[in-house]
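Same chain, two partners: chain A is paired with chain B first, then with chain C.
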Partner chain A sequence: MSILGTRVVRTEDPLFLTRGAVYTDDLTDPRLAGAVHATFVRSTVAHGTVTSVDTSAAAEAPGVVGVYTAAELGDLPPVAPPLPFLDAGFSRPWLVGVGERVHFVGDLVAVVLTEERYQGEDAAEMVVVDIDPLPAVVGTAAAKTDGTILFPAVGTNKVAAFGEPAPEDFFADCEVVVRREIVNQRVAAAPLETRAASAAWGEDGRVTIWCTNQGAQQAKGQIAGWLGLDPALVHLITPDVGGGFGAKIGADQEYAFVAWLAQQSGRPVRWTESRSENMTGMLQGRAQDQVVTIGGSRDGRVQAYSLEVSQDCGAYPRIGTVLPTLTMLMAAAVYDIPKVHAQATCYVTNGTSIGAYRGAGRPEATAAVERAMDLFAAEIGMDPADVRRKNFIPTFTEPTQTSSGATYDSGDYEAALDRVLQAAGYDELRAEQARRRERGDTRQLGIGVSAYVEITGADSGHGTSENAELEVHADGTATVLTGTSPHGQGHATTWAMLASEQLGIPVEKITVLHGDTDRIPDGGGTMGSRSLQQGGAAVHQAAVELVEVARKRAAELLEANPDDLEVDLANAGLSVKGTPGVGVTWAQLAADEQLIVQTTFTANAPTFPFGAHVAVVETDVESGKAVVTRLVTVDDAGTIINPLLAEGQRHGGIAQGVGQALLEEILYDEDGNPQTSTFADYPFVSATELPSFELVEMATPTPMNPLGAKGIGEAGTIGSTPAVQSAVVDSVAHLGVRHVDMPATSMRVWRAIQEAQKGSTN
Partner chain B sequence: MIPSQFDYVRVSTVDEAVAALAEHGEDAKILAGGHSLLPIMKLRLAVPTVLIDISGAQELNYVRVDGDQVAIGAGTRHHDLEKSEVAQAEVPLLPHVASRVGDPQVRHRGTLGGTVAHCDPASDLPTALLALGATVVVAGPNGRREIPITAFFLGFFETAMEEGELIVELRVPRTGSAGWGYEKFTRRENDWPIVAAAAVHLPDGSVGVALANMGGVVLRAEAVEAALAEGKSIEEAAALAAEGTSPSSDMHADVEYRSHLARLLTQRALKVAAGETEASTAESTAA
Partner chain C sequence: MQVSMTVNGQQRTDEVEPRMLLAHHLRDNLGLTATNIGCDSTSCGACTVIVDGLTVKSCTVLALQAEGSEVTTLEGLSTDGEMHPVQAAFRSEHGLQCGFCTSGMVMASIGVLADNPNPTDREVREGLEGNLCRCTGYHNIVQAVLKAAEAGPAAGQVPSSQQEVSA
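Here is the complex of A and B:
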């Protein structure tokens, strides 16, 4: 019986949940003996010119080993933006020096090294930084006026622009046109493990860097580049990683700086940020202001759709600057719309830099088009599910190009919608909604429907390839080396299942290693829901190849025809077909010569998981508070290798989507001061705000890899966010409300009702 | 997220605590559950130089009937108050409100005296104590004194306690089976209330009504109480809930919305207290 498709319990969890897992801050590596602790002094002003940095008191504080300001940086050049087409004027200094500008609350001004970590917090407080404030640019609306320019050398806050304006007559032949400004707000990834890094230089002139990250190989390359080091001198290790959600893609400057400080001080250096530091220092996500325009006929057919994006990049442009291109690529989503237009303009602002966050560009596309579909449905008085059904791309099994330029691998969007509506009991929900509206209940029902398709396994710097090395040892165990970078996903379990399937070696005898650039020099890390379809496929391929190697070796030993040999579970090796007693064990096969395979799997193209969600909320129309009472989802990610883990990804993804729809938003005041820097102020979603999820199965295999698997890490978020937002709007639609921006807080909902009742449109 | 340096003194009796407070002066703070104090110390919003830990003072841990009142030791944890059979029988508003504070971790550490001393305008239990017209018993260098709770909360994180004093007991009337309601409005179940309203029928025939987060301190809804005393309807009285308040405007609620919530929650709490409707807790809506 195949192990694939079975609910193998995660082998890594006992260590994660009890003790034994080693995160960067837990390291007791002997190379870090005698390490000093780095504490950064960060700007408390969003925008301004540094007029003085006085470190004299800090230098005398107990335990201080060194204090560094921009004056101590020597010839270390600032860090250029990570994308080659961006103006070098957007470069970020390591430390902002006197006469230079700070660009966000959290920008680095100085760093102290202390013997003990607590001494660092005291000493850092003693560094006196004077900053002449400049007007802060908060949000894209302020940025695009160029009234205040963040980087005078660049001359504009505009970082990049993608696409062209729509032709004037784009909607000319549409009977109905609806236009709406919507906000896809700035959110925090907030992984349980904050950022952390350690570094130690060896006598061989090499530096070992440990850091919490989603891709050791990429991070190593960046750090070597920034510091001007030969990459061969850098050994980067990602120990156990406690969540990333996209915000740990790529190295952060602090990581490289820790290595530089270790070199300068001649001591190993450790750094772990606080939660408050994390809430301003770590990459954040989304932050798009969108304008959607949708046009069509009164019978429900959509003829033209336009999406204009203003992307907030934060203070220094990072990977978030290019994510709107994914939004544009996925603009048409699951719909067969004859004319689709998308464009994006990206701006710097005095906020934390924007990076990838669960979905990274695709949820923004889905949120926009799903809102547009609802607005269109409301305008023509049609059920939102019916409007969607009327406009779906028909079922396809061969790659199909969309009007926004994406080539989808396989899809059956109407079937996904049908399944979720049936599982939710959609007609009965509508009937119950009608009854409550008729009675004028305080608690009104809202039903939100979303349909989505997203792109996974897209090139995120490593093509569509991933490597795997598989070795079977003389003791009958096996080791897998992968270029993926698990940080909660469970690769240790799934990769072992994939190897076990071919080798017959039990999962508990297979060790999965990752995140060490000396042992695994090349790898693409874990991001963009790529791991199973590329990294997992590579492990599968390695196992298939290894069996072939073993078969030839066994054939020689047994003087048999290789074609007559098969993997024999009972004997833990290979045996002659039909003669289980005659065979050789893995131990025998690996005894004299290493039994090892290194391979690279390259997918033909990315894959496009899809699905449909129904969210049900009850809204207290007197207070505006919406509570999610049901979430029913179809998330079709092709063939499922381990349903337990896939469901876990769906659970987490759905929950994070609810968080964005109802609760989460990073806020700044008009001076650019963060208002949400603690977990008391920043409300990520918790179990008490969530119902039990109702997961509906559907699996349409992809032809893009031998597993048939698509990505599942982000899909839940992409589907649930618009479903919940729609449900909230739907719950008060009978009162005249057409739209409520995210997060749909009680105050927003209440105010939308008030304004609708006054007769004004909202 | 590391506090400034401080000394730590552990005491096991109230007398020792009073002596330690006298010794260390105004920079000393009493540590009970620590769930309000330690977070603000970690953010360095509070920098006491000495913490006097009274969590070992067993004499502060009780809930008992004392004449026509219930006396509750200041060291009583929220969880213990929630589970107290005496409290459930004699003053059921309090154990219910205790069950709505924070999360289980907070409820197992936080103490009644601590939350009153901390004087956060968005705190649950001080709101309930205010509605009940509690008495705060404090101990200090000159012995014990009683302060009516209406005179205890002076301003934002400012109480009527003087230097060298600590809270040792809270006294509340025995309301028994009389009606009560507590309406707490939050983003998430374990958050501080955006606004909360407590209403309770008191032994003297009046109705006590108090509000959380409608000003710099928890407030008595005096206009509502007066209207009820004059025989006005619940709707008429609740419409006055925002009178005399000075709510702040923040990301969760501006002044207009907070005032609306105060009226709405007061009306709901009064109706529950009057037995007209069920409590509208988060649980009841999660179908």
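Here is the complex of A and C:
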């Protein structure tokens, strides 16, 4: 029986559950013996000019080994924006010096090195930084006026623009047109492990850097580039990683700086940030202001759709600057809309920089079009599920081009919707809703429906390729090296399953290694839900190729025709067809000569997972508080290798979507001061705010890789966010409410009800 | 100052600064790094350990406050290579992904089961409100606690003294 498709528990877990994983801050590597601790001094002002930095008291504090300001940087050049088309004027200094500007609360001004961790916090507080404040630019509306310009050398806050305005007559032939400004708010990725890095220089002139990240090879390349180091001198190791969600893609400047400090001080250096530091220093997500316009006929057919995005990039443009292009690509989503328009303009603001967060550009597209569909349905008085059904792209099994330019691999959107509606008992839910409305209950029912398609395995800097190395050892064990970078996804288990499927070696005897640039120089890391469809496919390919290498050797050994040999999974080797007793194991072959394969798998193209969600909420119309009572989801990610782990990915994704829809938002005051910089302030979704989830199976294989697998890491978030938002709006729709921005907090819902009751549309 | 406590059944005496947090003492002085620190506001619960039968967030307790106490961390839960019922259930139900919250989540779950050996889904959620997880959406954590409850009273006890635990 095939191991694929079975619920294999993780091989990682025994250690994780008894000794704990080993994260960067846990390392006891001898190379880090005698390490000093780095503590950064960060700007407490969002926008202003540094007038003085006094380190004299800090330098005398107990345990201080060194204090560094911009004056100590020497010829280290500032870090250029990560995308070649961006103006170099947006470069970020390592430390903001006297006469230079800080651009967000959290910008780096100085750093102290101390013998002990606690001494660092004491000494950092003794560094006196004077900043002449400038007006802060909070949000894209303020940025686009250019009333205050963050980077005078650039001359505008506009970082980039994609797409053209829609023609004036774009909606001319539509019976009904609805336009709405909506907010896809700034949120924190908030992995439980904050950022951390350590570095030690060896006598051989090489530096070893340990840091928490989602792809060692990319992080290494960035660090070497920023510091002007020969990449051959950099050895980057990724220890266990406590969550990433996109915010740990690549390296952050602090990681490179730790390596630089180790070189300057002649001591190994360790750095682990606090949560409050993380909530201003780590890349955040979403932060789009959107305008949706949707037009169609009263029979429910949508004829034109427009999405205009204003992207908040934060203080220094990072990868978030190009994520709106994914939003634009996926604008039309699951719908066959004759005319689709999308454009985006990106601005710097005095907030934390924006990067990828679970979904990264695609949740924003889905949230926009699903909101638009609901608004259109409400306007023409049609059930939201029916409007969706009327406009779906019909079932297809061959690649199909959409009106916003994407080529989808396979999809059956109506089937996904039908399944989820049936599983949720949609008709009965609507009947119960009607009864409660009839009775005028305080607790009203809201039903939200979303349909989505997203892009996974897109080129995120490594093409659509991933490599794998597979070696079987003479003791019958095997080792897999992968260029992916698991941080909770369970690659060690799934990659072992893929090798075991071909070789018959039990998963417990297969070790999967990743995240060491000396052993695995090339790799694309884990992001964009690429790992299984590219990295997993590479492991599969390596195992298939290893069988062929072994077959030739075994044929010689057994003096048999290679075609007469067949894989003998029970004995983990090859045997002569029809003669079960005669054969040779992989281990025996490996004892004679190293049995190893290195291979690269290249996917034909990205894949497009899809699904449909139903969220049910109960809203107290007196307080505005909405509680999610059910979440029913179809998330079709093609062939599933390990359902246990795939479900786990869905669960986590769904929960983060609920968090964004109902609770979470990074807030600033008008001066750019963060209002949500601890977990006491930031409403991170907890167990009490969620129901257990109801998952419905559906699997439409993709032709893009031999596994038939699409990505599953981000789908849950993409589907659940609009479903929950829609459910909240639906719960108070009978009171005249058409829209509530995310997060749909009690206050927002209550206000929307009050305004609707006053007769103003909201 | 000197502080003595029993950690996972072993007597430990160390010099600590008066301000040192129990979490840092466990991690930095005793090398017990399964206990993680995920926030600085007693919000996330990643640092949850059991002190004298009570689940506590070790980032909010001074090492000195644990003087004379019996402390159990994740590393102290297995006996003779056998996982504690809660550990075993977290594995079988896929109750962990990145693992960072796991140590605190397992310790807190023992506390939940000590107080309520047969909790409902909702009671488990209320009991774990002070422990945050970003990966699992809590679904399989709740399943794991319900599964562990099937093991009976042992699921709510720690092995070092078989003492009763309370959340």
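Assume the second predicted complex is superposed on the first by the 758 of 762 C-alpha atoms of A that agree within 3 Å, B and C clash if a C-alpha of one lies under 4 Å from a C-alpha of the other, contacts with A are read in each partner's own complex, and residues count from 1 in each chain.
Assume contacts are C-beta pairs under 8 Å (C-beta built on N, C-alpha and C of every residue); 3 or more make two chains touch, one makes a residue touch a chain.
Note that the structure is predicted; figures quoted are calculated from it, not measured.
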item	value
Partner chain in contact with A:Pro191 - chain B first, chain C second, else both or neither	second
Chain B versus chain C as contact partner of A:Tyr413, first or second or both or neither	neither
Touched partner set for A:Tyr118, first chain B, second chain C, both or neither	both
Touching partner for A:Phe170 - first (chain B), second (chain C), both, neither	neither
Which superposed partner A:Phe693 touches (first chain B, second chain C, both, neither)	second
Which of chain B and chain C A:Tyr668 touches, first, second, both or neither	neither
Contacts of A:Gly243 with chain B and chain C, given as first, second, both or neither	second
First (chain B), second (chain C), both or neither touched by A:Thr678	both
Chain B or chain C, by number of chain A residues touched	C
Chain B versus chain C as contact partner of A:Ser274, first or second or both or neither	both
Residues of chain A that lie at the interface with chain B and also at the interface with chain C	117-118, 274-276, 678, 680, 686, 688
In the complex with chain A, residue positions of chain B that touch it	1-2, 4-5, 39, 43-44, 185, 187-192, 194, 251-254, 257, 260-261, 264, 280, 282, 285-287
Residue ranges of chain A touching chain B (in the complex, touch as defined)	117-118, 121-122, 125, 274-277, 443, 618, 620, 622-623, 625, 627, 629-630, 663, 665, 667, 675-676, 678, 680-681, 683, 685-686, 688-689, 691, 745-747, 750-751
Touching residues on chain A, where the partner in the complex is chain C	9-10, 12-14, 16-23, 25-26, 28, 117-118, 190-194, 240-243, 245, 274-276, 487-490, 644-645, 647-648, 651-656, 678-680, 684, 686-688, 690, 692-693, 716
Sites on chain C touched by chain A in the complex	17, 19-20, 24, 27-28, 31, 33-36, 38-44, 46, 74-75, 77-78, 83, 87, 90-92, 94, 96-103, 106, 121, 124-126, 128-129, 131-143
